[in-house]
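In the two complexes that follow, subunit A is the common piece, with subunit B as its partner first and subunit C second.
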Partner chain A sequence: MLLEVRGVSKRFGGLQATRDVSLALNAGEIRGLIGPNGAGKTTLANLITGIYAPDSGEIRLRERRIDGARPSAIAHRGLLRTFQNTRLFGNLSARENLLVTIYAWCGLAAAARMRDEAERRAAHLLQLTRLDAVAELPARALSGGQRALLQLASGFMHPELALYVLDEPFAGINPVFVETILELLEHHRKHRGVAYLVVSHEMEIMRRICDRVAVMIEGAIFLEGSLEEIVADEAVIDAYLGRI
Partner chain B sequence: MKTVALGAAAVLLLATLPGVANPSLLHLLTITFYYVVLATSWNLLAGMTGQFSLATQTFAAIGAYTTGLTVYYLHVPIWAGILAAVAVSLLCGFVLGVLVLRMRTIYLAIATWAFAETVHISLGAAYNLTRGELGLSVPPLFGSLEPAPYFEVFLILAALATLTAWSIARSPLGSFMRAIKDDELRAESVGIDTVRVKIFVFTLTSGMTGLAGAFYAHYVAILSPNIADFSVIGTIITMVIVGGIGTVAAPLIGAPIVETLGALLSRYGEWDLAIFAAIVIVLMRTSTGGIVEAGRRLLSRLRQAQTT
Partner chain C sequence: MALGITFIYSIVRLINWAMGAFYMVGSYLQFILVTQVFGVDRWWLAVPCSVALVFVLGALLEPILIRPMFAGNVERKDEYATVVTIALLLFMTAVASGISGPYQRTPGSNLGTIVLGPLPVSGARFAALVVALVALGLFYLFIKRTWLGMALRAAADSRTGVQIAGVDLARIDQFAFGGGVALAALAGALLAPVFLVFPTNGAMTTTKGFEIIIIGGLGSIPGALAGGLLLGVVESLGTVLIAPQYQNAYGFLLVLLILLVRPVGLFGKRLREV
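Let's turn to the complex of A and B:
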């Protein structure tokens, strides 16, 4: 088992953001996470990636506890994430934004040794994402779509990426970029066995890529299954899909 | 490599200056080099890492008083006093770094300001120990106060500080620092140990400043709490902003301009501070990148004009 979330709860003041959430992912799996706004999807992503520590429950990555660990320590073990509102290092060039991931992984002592490898990987990803023309521009000068692509690509720089949590990776993205994103995801799943937990409202894309989908409603996992099973569920339609 | 060679040539050229320049110019440049170290230190911390500290001058004072007091009371040799100064500044920088770790922006500024003023006031209040405003007499490094040898020492210190900043800026550590400045949460999320980086930068810059402060003590010979005066950090910030915050060259450009201007304006009392404030406001409104940015823009425009 790659990721095991067991009975995780998190409360913010009077709001129970997640309640008793359990979730398990295998290597190379693409799991969708859907649900209405405010259902706790982003909170779950924040719990898994160490931005919050859960009030109760445990989270394991390859059998080792990661709940309560700092995000940098979790990232080090191969669990990365993207943010819904694209976050990049705006004053670093697109290329530097990629390099930082690998240097953070190997540490400053090994950075000099990793340099050629890092540059090679960055050049490859820049080419794949067609960002090579803007590689030396500061990230803040890029377009929204380019920024989203760069944010996603920066995770693939991690040499031991095992699980990539993607928070709304397709929201507001030009369809041309969406295809590039999907190619990237599939490439790294096939060749490195990277697993994905994808939070998204884009049902068509989810249907194409997800092996299974989990539905979150009011902080809890309500149902899990293939998207076909889920859209057939009356309660889900009532709670979520019917409202669209 | 080209930059290092150019820098080395500039340092060698400057090193010959005591042969031709008069003592008052040498003194002005010595103080300028002292400020280059302080400004470089603040620039690494605030300009590159985004940790807006207001306590840089305090670490100069910690270094200065550590060597001053140990030499005065314990009669240790000057070099031992300076070593102690570096050790104490590093330690204080480390401790302050740990204490303010979770603070950002204005909270960090306020906390470091409180620390700075506490030390400043304590230095004056503990006059039994420090002789307060009367001044602690510190033996000069070279026996006399003739500026020429001090000029060389501070030239080396400024060069070393600049070289340090330059190497850091080009290294992965420099990327980590700028990443933390841009977005600390994302820096953590991609795996940067932001705690370690921030504490390291706090410690390093404090040691660097403490070293400069220690040498400064053995140059001014009478040490007063003025060294930790709040106006010093104002001067440092002005220098970095005039030069171009976050760029390695900023202190090299800003320090001579501000020091020279200060010297020219000194006969009019404290007006220099008001004028610096005005300059900073104008720069913040027009070119936040300072002279470095303005120069870059001019260069690219010239290049464009050439190609068309």
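Let's turn to the complex of A and C:
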């Protein structure tokens, strides 16, 4: 088992953002996470990647507890995430944005030794994402779609990436870029067994890529199954339409 | 000096009011090293030693004084930083007065007066300028070319972003704070023969440092360089063209003007409210 979330709850003041959430992922799996706005999907992503510490419950990555650990420590162990509003380093070039991940992973001394390897990987990813033409531009000069691609690619620089949490990777993205993103995901899943937890509202894409989908409603996992099973479930439809 | 303030601000997001104290410590270390260890002829050896010692001092103080600010139990981070660094400034000034007394000292200089074209310039001043320029060049290369420099620039862009990527932000902060105060110490050590060594000698340079920051824009490293140059030019022109006794006032006039026309400074960016 790659990731195990057991009974995780988080409260912000009077708002119970997640309640007793349990979720398990295998290596190489693509799991969808859907639900109405405010259902706690992003909070769950933040809990898994260490941005928040859960109030109760536990999270394990390859059998080892990661709840309460610092985000940098969790990232080090191969669990990364992207943000809906891309968090890039605006003044660094696209290429440098990729290199930061390598530096972060192996530290200063080793980074100097890995320079060639890192540059090679960055060049490869820039080519895959067709960003090689803008590699030397500062990231803030890129278009929204290019930024989303770059953010995604920066995670793949991680030499031991195991689980990648993607928060709305397709929202507002040009369909051409969507295809590139899907190619990237599939490439790294096939060659390195990377697993993904994808938070998205794009049902058509989720249907294509996800083996199983979890539905979150009001902070809890309501149902898990294939997307076909889920869209057939009356209660889910009710929840989306606000009749629950 | 200004570079140090802006460097710390851009990464750690705090204004270090104690920069003058580190300038002062740098100048005292320079004085002690020159008079006790190296001798006047080898002042240039004392400079990197003073800077390195202050770097270590800053790196040791950061985890004790600054890091608690990010621990999550401090509600008003800006107020906390202001109080802590002003307290540090007063404390260090008091310790310096206690140890050395109020006397003005000088490490001396082996450089006589040099004539640059029509202008006679004190050798120590000229040396300070040259070394400062070299240091700025090295600093620029370090920031642009090395891994650590890249991590520092990344942290300046997005503190959350680097943590998600897996950078240990605590160590970046520690390094940035040490590096920033080391830049102040560099100014202190270089200017020790010019502006002398006494417990409150950092006050004027701190003021000038903040003037430069306001002119150039807080958190912008090119802004700090341009602001420093502009301030120097304006003060010199004012001295020559208007009246020499108001030298320090011209800088403040420039600051007022900049604040009226462009409150964020020449290279500053408006902070996005979250």
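Convention: the second predicted complex is superposed on the first by the 240 of 244 C-alpha atoms of A that agree within 3 Å, B and C clash if a C-alpha of one lies under 4 Å from a C-alpha of the other, contacts with A are read in each partner's own complex, and residues count from 1 in each chain.
Quick note on the criterion: contacts are C-beta pairs under 8 Å (C-beta built on N, C-alpha and C of every residue); 3 or more make two chains touch, one makes a residue touch a chain.
Nothing here was measured: the structure is a model prediction, and the numbers come from that model.
Asker: Quick one: subunit B and subunit C on subunit A, clash or fit?
Answerer: clash
Asker: Check the residue A:R212 against both partner chains and state whether it touches subunit B (first), subunit C (second), both, or neither.
Answerer: Touch status of A:R212: no partner.
Asker: Tell me the contact category for A:R60 with respect to subunit B and subunit C: first, second, both or neither.
Answerer: After superposing on A, A:R60 lies clear of both subunit B and subunit C.
Asker: Determine, under the contact definition given at the top, whether A:R192 touches first (subunit B), second (subunit C), both, or neither.
Answerer: neither
Asker: Which of the two partners, first being subunit B and second being subunit C, lies in contact with A:L80: first, second, both, or neither?
Answerer: In the superposition, A:L80 touches subunit B and subunit C alike.
Asker: Show me the subunit A residues, by the header's touch rule, that subunit B contacts in one structure and subunit C contacts in the other.
Answerer: Looking at subunit A, the two contact sets intersect at 49, 51, 70-72, 75-76, 80-81, 83, 87-92, 96, 99-101, 103-105, 108, 111, 154, 158.
Asker: State the interface residues of subunit A toward subunit B in the complex, per the touch definition above.
Answerer: For subunit A paired with subunit B, touching residues are 49, 51, 70-73, 75-76, 80-81, 83, 87-92, 96, 99-101, 103-105, 108, 111, 154-155, 158.
Asker: Touching subunit A in the complex: which residues of subunit B?
Answerer: 171-173, 175-176, 178-179, 181-183, 185-195, 246
Asker: If you look only at subunit C, which of its residues touch subunit A in the complex?
Answerer: Going by the criterion above, the answer is residues 147-148, 150-151, 153-154, 156-158, 160-169.
Asker: Show which residues of subunit A lie in contact with subunit C when the two form their complex.
Answerer: 49, 51, 70-72, 75-76, 80-81, 83, 87-92, 96-97, 99-101, 103-105, 108, 111-112, 154, 158
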